[in-house]
Amino acid sequence: MNANQFVPPEGAFTRTVPIRFSHCDPAGIVYFPHYFDMFNGLIEDWYTEQLGVDYAELILNERHGFPFVHIETDFKIPSRMGEHLDLTLLLMRIGRSSLSVVIVGHLAGVERLRARLVTAMTSLETHRAVELPQALRYKFETYLKRTGQAQS
Amino acid sequence: MNANQFVPPEGAFTRTVPIRFSHCDPAGIVYFPHYFDMFNGLIEDWYTEQLGVDYAELILNERHGFPFVHIETDFKIPSRMGEHLDLTLLLMRIGRSSLSVVIVGHLAGVERLRARLVTAMTSLETHRAVELPQALRYKFETYLKRTGQAQS
Amino acid sequence: MNANQFVPPEGAFTRTVPIRFSHCDPAGIVYFPHYFDMFNGLIEDWYTEQLGVDYAELILNERHGFPFVHIETDFKIPSRMGEHLDLTLLLMRIGRSSLSVVIVGHLAGVERLRARLVTAMTSLETHRAVELPQALRYKFETYLKRTGQAQS
Amino acid sequence: MNANQFVPPEGAFTRTVPIRFSHCDPAGIVYFPHYFDMFNGLIEDWYTEQLGVDYAELILNERHGFPFVHIETDFKIPSRMGEHLDLTLLLMRIGRSSLSVVIVGHLAGVERLRARLVTAMTSLETHRAVELPQALRYKFETYLKRTGQAQS
């Protein structure tokens, strides 16, 4: 078995991102900051489509923010225009106000990149961390139980 | 002394980035992928202005790439529109074909973020790692000696 | 009938873009350069999904470019995070080496923005305009016939 | 005299933008949405550095927005990594709540692109156009008198 082989756990949230002309640099591969933008979009879709939480509502009306406090990424294989990269979201740890997310980028069963992102829930009024609401924590725990704890 | 205090070592390469409207999100702070774009710009300027190496030449004519293989970032204090963030580039390790760079974002002597980025020199023809040319390695070593080894 | 009412012609290529956190600025609305990125993505998808032309192939292997030579856009109603904007692609004029595309952004039957983009087919070797290949021109003409000529 | 020759009027606000790796696409030239981001940055700097108006203050504290309502751009000559593009801001028309700005991109006396951007001052509370404050209008008029009326 290849060390870079990756099969998403059953029930894991996966979205496919078409690698576009606009993602790529003069070297013909994805310019890396775009990956972080893709990660943010994946998390947004995961809230909305998987957890049934309206992310826009959470930010605009409930005035919560989800800034990243720590990010680690291993870039293993570059991606090129015209490819379709699968991004799978897994959880690693649910803290008092923080959530550790692992995102694996893969294509045809081979892992291309792996990121660990720690996000903290804050109030947009005070810009301080706030405790995760119980309903949201429960959704995170349910997802974690189903998909298993991710390795960073 | 504040744990977040930061004074760049003498001779370190620092550039100031104005935090623009376009960098900020609906929460009013920098949308984090923009930081990675700023890091890339800083490294580009460091090559050109500090080391006297024409970065565009290196990529377009000598056909070398500098993809990132590993990135770690701690986001400590968010930045807002109208602020001027100082970015200082330090070195951590010079490998056979890789370079570990530490970038510290700071403002008024307080550290706001710290990133460690490992980049590998590759051939754009083969997309494989190539050994750092001796002249370039010497420039890296001289800079490292002058500014000291960075902590990640 | 509202002056801003818009119903796409039958057979027109339409894609829905979720307005993300990352698209929006501190004023809470889409930061306008992102619209141009969305337009480019729409054209890419139109080539691939509607015309059956592999856009990546066209650029990377056949070494053609499609730079924009002229752009005009009217921004009528801003869009906000959480909304889903429909983008419809229409044609206005097929030139010797150029194509005039009209993109209408609309939501719930109301036009929010309208862009006219003139793109020229070039050779990436000479960076000069080249005549549209006959097969491509035929696809453009077929689409134009089906959807009707757009108004800028 | 070359039709594309451009000499900025005396007293006009010009900033030089280094064309970076990150601005360029797989065709090796600037990906066009980046130009619009550069335009926005130029206008921001013009407010702050030329007019002595704190743009961040205007938006964050006085709660004004400056959305674009119309944009027209002619892209004449592409720009490449490593080049330094000069952007000059001129005025065309000062309306009741709108401002028509012309931005010329040039290098070594040759015009590379020309954009006309109409921006409207709005209230971020009501999202409706508001009349330009007298002090700001006076600054615009002074600049227009000094640099002359731009041609679109």
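Going by the order they are written in, the chains are A, B, C and D; count residues from 1 in each one.
By our rule, a residue touches a chain if its C-beta (ideal position, glycine included) is under 8 Å from a C-beta of that chain, and two chains touch if they have at least 3 such contacts.
Everything numeric in this text was worked out from a predicted model, so none of it was measured.
> Farthest from chain A by Cα centre, which chain is it? Let me know.
D
> Regarding the chain C and chain D pair, does the interface count as same (over half of residue numbers shared) or different (under half shared)?
same
> Round to the nearest whole Å and give the separation of the Cα centres of chain B and chain D.
29
> Could you grab the centroid distance between chain A and chain B? Build each centroid from C-alpha atoms only and quote it in angstrom.
24
> Between chain B and chain C, what's the gap in Å when you average each chain's C-alpha atoms?
36
> So which stretches of chain B touch two or more other chains?
21-22, 26, 28, 31, 33, 37, 40, 59-60, 81
> In the complex formed with chain B, which residues of chain D make contact?
Those in contact with chain B are residues 18, 20-22, 28, 37, 40-41, 44-45, 54-57, 59-60, 80-82.
> Show which residues of chain A lie in contact with chain B when the two form their complex.
Its residues touching chain B are 26-29, 31-34, 36-37, 40, 59-60, 65, 67-76, 78, 124, 127.
> Quick check: in the complex, which residue numbers of chain B touch chain C?
21-22, 24-26, 28, 31, 33, 81
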